[in-house]
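All chains are identified by letter, namely A, B, C and D, in their written order; residue positions are counted from 1 within each chain.
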Amino acid sequence: MSIDQKVLLAAVVRLKEAADRDFEKLNAADGALGDGDLGITLRRGMELVSETTDDMPEDLGKALLQCAQAFTKSSGSSYGTLMATGLMAMAKSLKGETAVDASQVSTLVAMARDAMQARGKAEIGGKTVLDSLDAVASATAGKQDAIEVADAASSAVDDALNNFRQTQATIGRARMFGEKTIGMDDPGMLAMQTIIKALANRT
Amino acid sequence: MSIDQKVLLAAVVRLKEAADRDFEKLNAADGALGDGDLGITLRRGMELVSETTDDMPEDLGKALLQCAQAFTKSSGSSYGTLMATGLMAMAKSLKGETAVDASQVSTLVAMARDAMQARGKAEIGGKTVLDSLDAVASATAGKQDAIEVADAASSAVDDALNNFRQTQATIGRARMFGEKTIGMDDPGMLAMQTIIKALANRT
Amino acid sequence: MKKILNAPVDYVDETLEGLMAVHPEYYRLYGETNRVVARAKETAKGKVGIVTGGGSGHLPVFTGYVGEGLLDACAVGDVFASPSSEQMADALRVADRGAGVLRLYGNYGGDVMNFDMAGELVEFEDIRCTSVLLADDVASASIDEREKRRGVAGMVYAFKTAGAAAEAGQDLDAVTAVAQKTADACRSIGVALGPCTVPQAGTPTFEIADDEMEIGMGIHGEPGMRRGKLLPADDIANEMMDRLLEDQPLSSGDKVSVLVNSLGATPAEELYILYRTVKARLEAAGATIVMPLVGRYACSMEMAGVSFTICKLDDELESLLKAPCDCAFWRVG
Amino acid sequence: MKKILNAPVDYVDETLEGLMAVHPEYYRLYGETNRVVARAKETAKGKVGIVTGGGSGHLPVFTGYVGEGLLDACAVGDVFASPSSEQMADALRVADRGAGVLRLYGNYGGDVMNFDMAGELVEFEDIRCTSVLLADDVASASIDEREKRRGVAGMVYAFKTAGAAAEAGQDLDAVTAVAQKTADACRSIGVALGPCTVPQAGTPTFEIADDEMEIGMGIHGEPGMRRGKLLPADDIANEMMDRLLEDQPLSSGDKVSVLVNSLGATPAEELYILYRTVKARLEAAGATIVMPLVGRYACSMEMAGVSFTICKLDDELESLLKAPCDCAFWRVG
């Protein structure tokens, strides 16, 4: 199974539902280590994306660029900007394509990760959303089958959270909380769990 | 018995004690209807008066002027200024005298009352310190004997409080509390009770 | 007590010490008790003096407005307490340059008695004094008892216009007339959301629930007209404007200045939010707004809340309001 | 939530609406979302532009400092949230008069990413951009990790000196160098006594007991260095000065300016009380104080507390600091 406009539109619906569902949870997680707006950022971003689904281009590059712009417009929060950056990187590489194979997911996610790293200047391993993406890129690498890819991505975001929970935050507002962050989940990694699970249609 | 420098000095000692004793009570009464500084005003005034007792002039006019100045200096609160005004009026009329008879008390208190009324522009009957002085002036009028005068003054300040308790304040900060002041004592009348009782050496 | 201070008894003297250290170009201390603030530079002989005075805790009021085109001296009391008549007399003395002095201050019992007494003291020294009292707080008495109203932020307008008149060389009677005209033209009302603490008392001036406000509360926490649920900004502004316009109706062609003033803690953001409604209401009444003032002009330390003052202008007052002035807290021109 | 507002979501737009209504002589709105504040009057062709941006709730920072001798434009985010990169790009566009634009703002993750992105966007339009980030809060990282420090009130100094350099006709590299020199010369620290409430969150940014203070707390309530009992003013000032002087030692002959800044609720009186100790400490270190600033220059709405900023000056910075500037919140010269 390959990913095309129809698949993307269905994913947007699931993503919006997931953003609504996890709104409070993400705000609370960000509230404990930051300014408590992460649920807002994700929900508002998905609302704006949803408003554009009627004219979602068939060209996947253009479609993802449209999604990126929704995130840029919706707010200036770190997560929104990082999402826009990641989407833009994928958009560039998909320009002109109307379908993409599941086997390419790993490469695309890695592209997003790299662009976001360039933008935010954080290290891999710093307990941020980058580490979730890194885990997803690795876990899906070499997989061809859509179901396998979805399964691998879905467990990778869970694993990433588990693997980093006992480490200390080094980036963003959370950094100031130092050792207190040990044992706590990074809000951005939680948000990526919401996103990947919705994309993979796994719960 | 006539009042002279020695009597005055003894009265100052009693007044200072009384001001210390009633400090909290007067602050609390003023706190309920004003700014809560009346105990401070009285205590601070009597402290400054006490500091000058070593050079208290024999001339009662000069002596009372000295007391008045202590009250002017100590603070700018209404009560301090009214006290200074009343003392100054008595001082003017006693200039050059070294003794004054108990029979003159009524006239002197009336003088103080009138000067304070001119200064503060309140009516008699407005539930202020003026009404306490008015009651004392009336009750001591025509009395010759020091003990009789003291008794009359002492019960007059109590009666004034009882007579005005159920009326409404019309002057100063208390005015703003309107009907709430019914049933409450005017702080300035309470302070005058402290003063007159200490002067009369009655409790 | 959530305040930054040393011994409460030193609050005012230390404030003045810091103020002098930061602004020697504007202010100097004067008088036996160092409780008079005068202009750093002596004014020219023959200029009418303007003196104010009152309790501390209201910066920029009163002390802050000593400066060119404004006041000549200020007698400084303890927090929320009148200065003594001796201190006021000192302020009158330093302000007198042979042309007499206007006493321009807020209508509070203690201040009135002490300024009267101070005037009597300096009369012996042949200093002629006049008085104008600000009584602009519409919440503190009905219009029939205007003389009982308290003075609040409206005094800033009177300082400005009288100060400009004196600087322009007008004589004592003329300066006094300008001040009186301004005082008559001002109407103010406040709303309080939270109290402040008088250092020497140590407890908040009043209690108020987390979801309440009090319309008409005085700047020392004097009880207001109505306590109720905290309303949206537009509703608060409308209620305050209702009271002000009821008291001094405006009609087409009127010119006003308006002061939207924080009592201390309320941030600038919220003053600007309120100003939208203030402007809309004034314009709806047909009035033209001249030189609106939005900020902290007359505070009660860390009290949360705002006050509105409307000052109705004629051509004379308008030009005096726009004339230059300069102090550490306010500059025009 | 003890605040004066309408719908929380409108807090920023209504603030801007009021600000424009009061000060049309200083400001105008620009951009698709009306979230760019630019100077009312277009500046001359060839003048280097200076743009800032950041979250709202800090008036006079950031928006307030748009004005002559200061900034050209500001991108305005929601309360305590970065503006979007599109808004920043609009600010860069309106500020560009052909000589390039300096991005001068505080070191916060979101702002940095968005300003970088905005710069990439306008690069396509041939607008040359440089960046200087304020990272003056000594409590937010050790001196070895200076690039991780947050930007706080020190930015006021950088706005002033860079603004003066641009107004004097210096080119982009020179203006950028002045801004960087100022940023390097600034050290700040805050102390918080009470929180503020972000309208859309509706709850206070942090909790703190009635007898506690937190030294080093950030302007958005970021955790500080030490929470403890509320100390006397002189002790608070000494502890803050210890940290600042440890970070940037001063010696005889040094010239500094110092900003004693209220975070919002703390009244002017208390700033002056603190200034006594600040002055004593600077003078004890042998430094000369130039143009001390005491007041509300960078706030966090109704937060209670203060910050100190020391800006070490050389002759160039001193003369740029003293050069004229004019906005609704600050005037020099």
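One rule holds for everything that comes next: a contact is a pair of C-beta atoms (placed from the backbone, for glycine too) under 8 Å apart; a residue touches a chain by one contact, two chains touch by 3 or more.
All values reported here derive from a predicted model rather than from experimental measurement.
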Intersection of the contact lists for chain B and chain C: none
Chain hops separating chain B from chain A, counting only touching neighbours: 3
Relative to chain C, chain with the most remote C-alpha centre: A
Approximate Å spacing (C-alpha centroids) for the pair chain A, chain D: 33
Distance from chain D to chain B - Cα centre to Cα centre, in angstrom: 57
Chain centre separation in whole Å, for chain D relative to chain C (CA means): 30
Residues within chain D bordering two or more other chains: none
Graph class of chain-chain contacts, one of line, ring, star, complete, other: line
Chains that touch, pairwise: A-D, B-C, C-D
In the complex, chain B residues that touch chain C: 31, 35-37, 40, 72-78, 80-82, 84-85, 119-120, 171-173, 175-177
In the complex, chain D residues that touch chain A: 77-78, 80-88, 109-111, 113-114, 116-117, 140, 148, 198, 200-201, 218, 220, 222-223
Touch list for chain C against partner chain D, complex: 2-7, 11, 14-19, 21-22, 56-57, 59-60, 64, 193-194, 196, 210, 230, 232-234, 236, 264-276, 279, 292, 294, 296, 299, 301-302, 304, 306, 331
